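Please see the structure below; I have some questions.
Note that the chains take the letters A, B, C and D in the order they are written out, and that residue 1 is the start of every chain.
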Amino acid sequence: MSNKTEIKIRGYHLDMYRHVNNARYLEFLEEGRWAFFEDNPNFDGWPKGIAFFVVNININYRMGATLGDTLEIGTVISHLGDKSGIMHQEAILKGTESVVADADVTFVIVDSRTQKALTLEGELLALLERLADPKGLNAR
Amino acid sequence: MSNKTEIKIRGYHLDMYRHVNNARYLEFLEEGRWAFFEDNPNFDGWPKGIAFFVVNININYRMGATLGDTLEIGTVISHLGDKSGIMHQEAILKGTESVVADADVTFVIVDSRTQKALTLEGELLALLERLADPKGLNAR
Amino acid sequence: MSNKTEIKIRGYHLDMYRHVNNARYLEFLEEGRWAFFEDNPNFDGWPKGIAFFVVNININYRMGATLGDTLEIGTVISHLGDKSGIMHQEAILKGTESVVADADVTFVIVDSRTQKALTLEGELLALLERLADPKGLNAR
Amino acid sequence: MSNKTEIKIRGYHLDMYRHVNNARYLEFLEEGRWAFFEDNPNFDGWPKGIAFFVVNININYRMGATLGDTLEIGTVISHLGDKSGIMHQEAILKGTESVVADADVTFVIVDSRTQKALTLEGELLALLERLADPKGLNAR
């Protein structure tokens, strides 16, 4: 994946099953998205007056992760539609190809004043396309 | 909905947008599921040797909830399939019909020893059907 | 104690020891403080331009609390000094006199603009004294 | 400090004041303690049958930390007494000498079976002294 963030599993991440609690994964995914934007050479903050909102998260819990595991959170923009986009995120057990959890995170870009979702077109779409393909190598 | 849990939104639930953070909703949903089982007259704990595991959560964030709001978390078992079931959960702004968030939570019942999902049949299916319809009024 | 909030311990509150994690208690204490103010007949919000800030928490963890326990969070204002006050909070195992955790929470009232702590005097002190003794029965 | 862990402040760490919430700091401190043990050349896990329990945290909140700040969590063992020890921890704003929060964390070592605190003597004390001074350079 284009961006990777490492998280070591600690005691406070676990719940009564001694596995990472399902709510905690959403913090790991949010951490991954912050890193995705921060590390993206084509990102310099959102233009004034707009904001990024998550409207749906569809997450599969495939395996338990436990104390001492390290997860790699991978994040890509996988789809850009008319009014919303999707970031695909995976938590992989480091050193393996085992997917612990994966999620599609649907987002909209809202006008901060009206709180309405903007159509993804023009300069806004161009920015999202550069974020989706930071090196500009691939045709979309 | 058949079971309702109230949660008052406090300062520590909010994030930088002064809305409830998206990870926190998964704790609210888990709270709702614990209350669903606890309050269900047909539930007296899982039979020995089996456990309830969440394998997917598909959650829509429809509105922001903020300080001073009270959410009602409603929980029902909405589907029982061959190997998995679905709990439908909604967070409603108290005193309104506004859905702040809603989710389908897919679960499996695993054999605690093998960690494999059990087929929902026989006594296990009968238990889940009684949980789904605690008053036994409705044909399924 | 003058104000009591009940919290049922759920799976997501626990950590690898199957006890409530030490960070989670600080959320329980914050929940108790919100309830303290909300339920206090002498509280109608802070006057404009001032804010309540926590500057120290000194918490004793006396026993583990686990799944199915119910904690009662009791909260009082126990001290008002020149520049700061203290709220004493206890988490009691419901139905017993067992103190699971207790804390002194030191707060200041800041001028929202300058972010400096205000001297507790005049009307501000009178308000805090009414909060400390909501029924006005006791001499301080 | 002898061990340092970096934490970047993200949106999900903040609360309604857009500062890191006071409960979250206890997770940062726990993260720092895990790293302290993990990185300590003299630590190879606790001997069988004993466990590390936190019995008191006394934390000062000195400044707000906000989005984009990086905190360095420093951790040392600062005191070893008869029945308990103290870890001193500081959260410093990276690149400055500003202390955002600092804490004394009092711990005991318990017999896992009896859950009673052990006297810090003999081999157990020697281990803790090596952890306190990993390079063995300083007289205590």
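Assume a contact is a pair of C-beta atoms (placed from the backbone, for glycine too) under 8 Å apart; a residue touches a chain by one contact, two chains touch by 3 or more.
In this text, all values refer to a predicted model and were calculated from it rather than measured experimentally.
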Maximum centroid distance from chain A, chain identifier (CA atoms): C
Any idea whether A-B or A-D has more C-beta pairs in contact? A-B
Centroid distance [mean C-alpha coordinates] between chain D and chain A, Å: 30
I'd like to verify one number: the distance from the centre of chain B to the centre of chain D, where each centre is the average of its C-alpha atoms, in whole angstrom. 36
Rounded to the nearest Å, the gap between Cα centres of chain A and chain B is 24
Check each residue of chain C and list the ones that touch at least two other chains. 11-12, 17, 21, 23, 27, 30
In their shared complex, at which residues does chain C touch chain B? 8, 10-12, 27, 30-31, 34
Hey, which residues of chain C end up touching chain A in the complex? 11-12, 14-18, 21, 23, 67
Which part of chain A faces chain B closely enough to touch in the complex? 17, 21-24, 26-27, 30, 51, 53-62
